[in-house]
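Take a look at these structures.
In what comes next, chain A is part of two complexes: it sits with chain B in the first one and with chain C in the second one.
Our next item is the complex of A and B:
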């Protein structure tokens, strides 16, 4: 038995599997994969904003259909998209489900002195759908745009260069450190037998994270020494520039603009 | 702690983006001043380490597990500005690589976990380390996560998209995270104690030059 600490290997493997699955989809030839990453990022953010603006189930469902269409055009398996996007809305539904009886409206069902109202049910459905479509849109970006392209887009979108470098280097070293932590946990598991108590688990976790972070800092120092040995006068330039926008990019931007404006018009009746 | 899209009104999300942008922009300027352009990216190595450390399961009573958030620890280890930048990288990658949180809500998540968590953790540790260093790191971890939860509670409670009243969201978030924060505080204290024992030179403020690592100037 290696206890809760030993099961960290599964957490790390699960995270890596998520990323590698997304990278497989991102390497496919699809509509969003062919888009300039700046356009993908901004347009999907626009669609997410439009979803946040809406207050009607029908409009939210329309955005859900748009999301599914984008996924189909981008060779994103709907089962994978659903698997990535289902948990958060379901948890969100559980959080807001008391509103089904708290919000005023005509009673649909009465039980134990409580009335489930139509207004309450409508709110729970709308909220869950809105969160679900929002999460699915984020999943679309994650699954169709490699993070190196997102970093390049951040540079083009005038995010401070120093911050982009920090993000890029974090990503670059992340998987190396996942591997290192995984090896530390596996080594600990291989020399651990029997049921470990809570106290033992904490002692092991403390040593693991402490040793791991010290190794991390040591690696940072060695990277610094290496950079200085190579001259060190220029900061790393992580990723290539984005390509030029084309007709498909303009179409996606137009879709996002229409979605935001349309959502606002429907909500406020401008 | 990650807020998904759909919980916040656009204007609340916009305010969080504004707040995050101002603090992170200021942190970038300070970091460039402290480290120089060529060494700022090395902060990413430390950020990647904190991110990976979040993957470890810590046992808690009841047979379940908790995870390290690390904002307060980043503030303690790196100082406020570099800590904010490191956690900004972590939260951004969590959103855009692992799909945690949301696109519109990213500003709020950055504000809670990369700004408030780090700054409150740093401030509490700085105020209390003269009394008791490990105790100060515990309070920093606990207090930072609780105040971050308060910020999330206020943001969500002010949003008409989320039907619960502000008083409800604040109470639930603060009470819940004040309890969960005990675990974060204990992890922060445990990890801080281990690192401080093994490499006292790394601990911010232990020495006159206030630098994390003399080799790279972090």
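Our next item is the complex of A and C:
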């Protein structure tokens, strides 16, 4: 599967597979990497909650700035953070974009009997921005903390086992999903010669999807056995990476508390 | 001591109708070193998965340590290494993968840390511990998978082709680790040459999924007709001395063959 579609799939899966691990960032010496995983998890979740409470673009942008600052302090490359966080808000934007014409407000543009309203546009922008900042915050925690430490922190914080299980398995399978896709594309490319047209590329891509689903199911089953062989049928219980709480931890918690309270006050008033 | 694994009348049929195992009855005694050999597609890997409690047989039953038929209840005592290391390495770093078993199966963190350090040193994984498994070469993945199964110190090792893509140097290291293991070892492999170095007993899985032979390593590996009938090549040393020496005198390993030749030339 050569051509535009093949190259696109190959480069997208390669990039996603890489950003899903980000091992260099997690082992770097940065602000979030030095925090107790429980503190990081609670604080970043608190900040994400505060973002979800906001109802104005300005406040959401402030949280965006906080996210960028935390990323800089934690030696997280902004491009990598963006690559990891961009997909979800983009998909969200596609889903909510009809609201731009459905919500009431002053018409900004009229076409085909539909009017794009200022209220609609403001809603789409705010929604997408909130999702983007929220996802970037959650990505920060995964990028700066080894995944097993995140799971261990969730267990220590008494998050329901079922939820921890879902998070642990989803994360691992998401990684395997892209790994399998990239293998499949490489295997096909190795046996394909010449440049194919866009049309041929799409035809190949359709065939690839069917094979990919079957292979993913098969691989999922085999990896499931690999997990069970080492106690994977028991609740996730990685070793705790808790450490002594210090000033930086208190500062992060304080930031999260102020953010949640501030967002609540702005939204509902005193 | 009784058998650590006792299987009776195992039959396994896949959903597409392929019969992978046919009425297999086998008992593995504590401390035994057993090799399960067979041609590609004979059902070795299926037998390993069924004995390891990872696949439910269509018929028959497996009992562990003479006390339970539930493999999950004794999971910390069974070390099952799957054939493909990619199915075994699913964490974000090699360290997390090696620690996964010990953490899930209740080993203390301190003991696990020491175990990881020891195995990483033995298998040349020290510089790879913080890398994601998918960035490793085939041989490195195989070594990481072997470290992962040895990490939680199971009593019984069920290893499916543990030497896969590793180079000669690390193959020797893995052989040493497996040989030094104090418990029971069951090796599933199509490579008969490695078998005499590790085991005392050999099971041959026939191409119909039944047990075609079960006996001491010398008896089975010098029965060249039996091996060829079941799609296997006898060990290279056996082929070399076939028809020249009696079955009882045929060297089974290269080092034995070398010693024999040196004796002859003196």
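By our rule, the second predicted complex is superposed on the first by the 163 of 270 C-alpha atoms of A that agree within 3 Å, B and C clash if a C-alpha of one lies under 4 Å from a C-alpha of the other, contacts with A are read in each partner's own complex, and residues count from 1 in each chain.
Assume contacts are C-beta pairs under 8 Å (C-beta built on N, C-alpha and C of every residue); 3 or more make two chains touch, one makes a residue touch a chain.
Predicted model only: the values in this text are computed from it and were never measured.
In the superposed pair of complexes, A:269 makes contact with neither chain B nor chain C. In the superposition on chain A, contact is made by A:166 with chain B only, not with chain C.
Of the two partner chains, neither chain B nor chain C is touched by A:113. By the touch criterion stated above, A:51 is placed in contact with chain B alone, chain C being left untouched. In the superposed pair of complexes, A:198 makes contact with chain B only, with no contact to chain C. Once the two structures are overlaid, the count of chain A residues touched is higher for B than for its counterpart among chain B and chain C. Look at A:123: by the touch rule set out above, it reaches chain B but stays clear of chain C. In the superposition on chain A, contact of A:247 is made with neither chain B nor chain C. In the superposed pair of complexes, A:104 makes contact with neither chain B nor chain C.
Of the two partner chains placed by the overlay, only chain B lies in contact with A:134; chain C stays clear of it. Once the two complexes are overlaid on chain A, the chain A residues touched by chain B in the first and by chain C in the second are 147, 172, 176, 219, 223, 225, 227, 232-234, 236. On the chain B side of its complex with chain A, the touching residues are 4-10, 13, 24-25, 28, 31-32, 37-53, 55-61, 63-65, 68, 85-86, 88-90, 92-93, 95-99, 101-104, 161-164, 186-187, 190-191, 193-195, 198-199, 202, 212-213, 215-218.
Those residues of chain A lying in contact with chain C across their complex are 17, 20-21, 23, 27, 146-148, 172, 175-176, 179, 219, 222-223, 225-234, 236-240.
Residues 49, 52, 54-55, 72, 75-76, 78-82, 84, 86-93, 96, 99-101, 103-105, 109, 112, 130-132, 134, 148-149, 152 of chain C are the ones that touch chain A when the two sit in their complex. Put simply, chain A touches chain B in their complex at residues 3-5, 7-8, 11-12, 15, 18-19, 22, 44-45, 48-49, 51-53, 84, 88, 92, 96, 99, 102-103, 123, 127, 130-135, 137-139, 141-142, 147, 150, 160-163, 165-174, 176-178, 180-181, 185, 198, 201-202, 205-214, 216-217, 219-221, 223-225, 227, 232-236.
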